[in-house]
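All chains are identified by letter, namely A, B, C and D, in their written order; residue positions are counted from 1 within each chain.
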């Protein structure tokens, strides 16, 4: 199976970041992109808090959480000023890009269209090569999302280690587990 | 880093399984062991439901969820008959072993002692070689547990594939993601 | 103790109702007023769903739930168009009035100021005489709110019954309980 | 409507109280009786915590919360020693009586049978005269339970006040609201 690189995001304004983020610029890192609307109840109750928890829990891993404001309805109610107030009130700290408006007559913004998203919330996972590996519409399960992240992080580490000599290739260093949650680990039997 | 194989479980009765399970017998599979007491509120509210969800979500993966009833207090209230009624009422379907009572004067059962568990709930993760890779006391976070499972599953798959010729070793087949949740996948950009 | 009638609300637009509501016009009914802001996380997660549940559970009782949009910050992000979209997306069905903007230089709207509300969410309970009987800032407990509603409803019924001859004044008809949840009642011992 | 006094409870052991409680002995107080089984998931997750919250929130009101252990299945797993451990682990502090076993061949205990309870959890509300006013099978809604409690408490206060001269009988002292939650009250417009 060969995956082609995913289409680049098309955004206008960015919030919570000094400069715009691009998929290409994030190569080498796992990317969890959360597409949401600020007036989408499922996003507010589940998707955004989940994205924030991912950002907090994996902050020392090579992983970046990105928000994408994909407004496809009630455009007048979800402009940049409203979004800015929303992010402030909900204590959203990860970077959020505003999806660029579609061409005339298309209520769906450009990145949302390019990825054929079905609605909000949508979670997209990109591996460290910038390839889209998962796209889930609706509330995504924490256990499954975690498993997908764990898989992509281990792949990332193995790519990084590939130039080193590996004496026992069947026993990869369990760096994934250690790095994920070093502070809470309690190991028996080493 | 070399991990030595973890100590074998010491159990008496098993429920929800036609025959006893052993760590050795489960080699080749990731094992999530949930140590609990039926009258431990944190186990009932969080740990056991989490273990059941892991069992359900990863049922087609090479992963087995095992319960271990590690009674170290109120022994008279948590005997086998009580446990059987508990598992029935709470719809626990994964196999559960009863940790063998400790030697005279030790309220802590044998497996609990061998792993130096601090209390219940405790979650233990074993890789496909039977090595203990994680031991967490208390309520474990779904995202982190998922990430650890994802890592161990990918390792398992790579071991399985190791006898095959891999033409592009830096692009492992993303079987982990696909296998985890095939039904909910929605892929763009293939 | 004598309570003076509470100050009348000062509103501009009303949503979810064909005509504006006034405290005076609601005399004879218990009124639960929920003051909120659409970008207030505590209102969205707790206060508004609670108000909607009160409206649904007590719909056959002489009780009216009223929302009041008391914007005192981020005014540009919470105008009428935004509020309309919000009520639509969150399926809010009870009437909502927009608190009238304060005089020059006052970010706090007029009704919020008149009642000296400390912030949002705030719950106000008025008895059937239009007297303010409770004002709670923050998330209000369901059991306590229910108890206050039960008390005010029984008072309302007793006022209604006051012109009738009551033979056994120490045995009030338990109409309150019956009316509240007739469908779920299961009576033994009549 | 005339309600006859409800049948007296038939219990064996009592826990969390120096002496047995009886319905007759509690006359003058509202009684919330929570019938449960320690291995009933709905009781553990919802009913018992709700009963404990009622006990805590209304501790200064003339109201008593009573637990009744109505075991009708898995008798061997829910004996007095198990119940005692359960109450300890779950921090249940209100008095709990053990329903007396039924006559030969009847798995249902005596009080459960006398009240024709359908299962557990069941919530029963008695007014200050010892009359059964509500019996709800299943998880009971906090708002509705609160409303029922508020109604019965106001009735209780009115009975108490009945020997005094009431000058303005249409304006009962709003003691119910004040007494329920004095510490959290914030009154405007007195």
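We adopt the following convention: contacts are C-beta pairs under 8 Å (C-beta built on N, C-alpha and C of every residue); 3 or more make two chains touch, one makes a residue touch a chain.
Since we're looking at a predicted model, the values are computed, not measured.
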With chain centres defined as mean CA positions, report which chain is farthest from chain A. D
Approximate Å spacing (C-alpha centroids) for the pair chain A, chain B: 28
Rounded Å distance, chain B centre to chain C centre (Cα mean): 50
Please tell me the distance, in whole Å, between the geometric centres of chain A and chain C computed from their C-alpha atoms. 41
Residues in chain A with touches to at least two other chains are numbered none
Could you classify the connectivity of these chains, where an edge means two chains touch, as line, ring, star, complete or other? ring
Chain C contacts chain A in the complex at 39-41, 44-45, 74, 76-78, 81-82, 84-86, 88-90
Seen from chain B, its contact residues with chain A in the complex are 1-7, 50, 53-54, 57-58, 115-116, 118, 125, 127, 131-137, 141-155, 158-159, 162, 169-174, 176-177, 180-181, 184-190
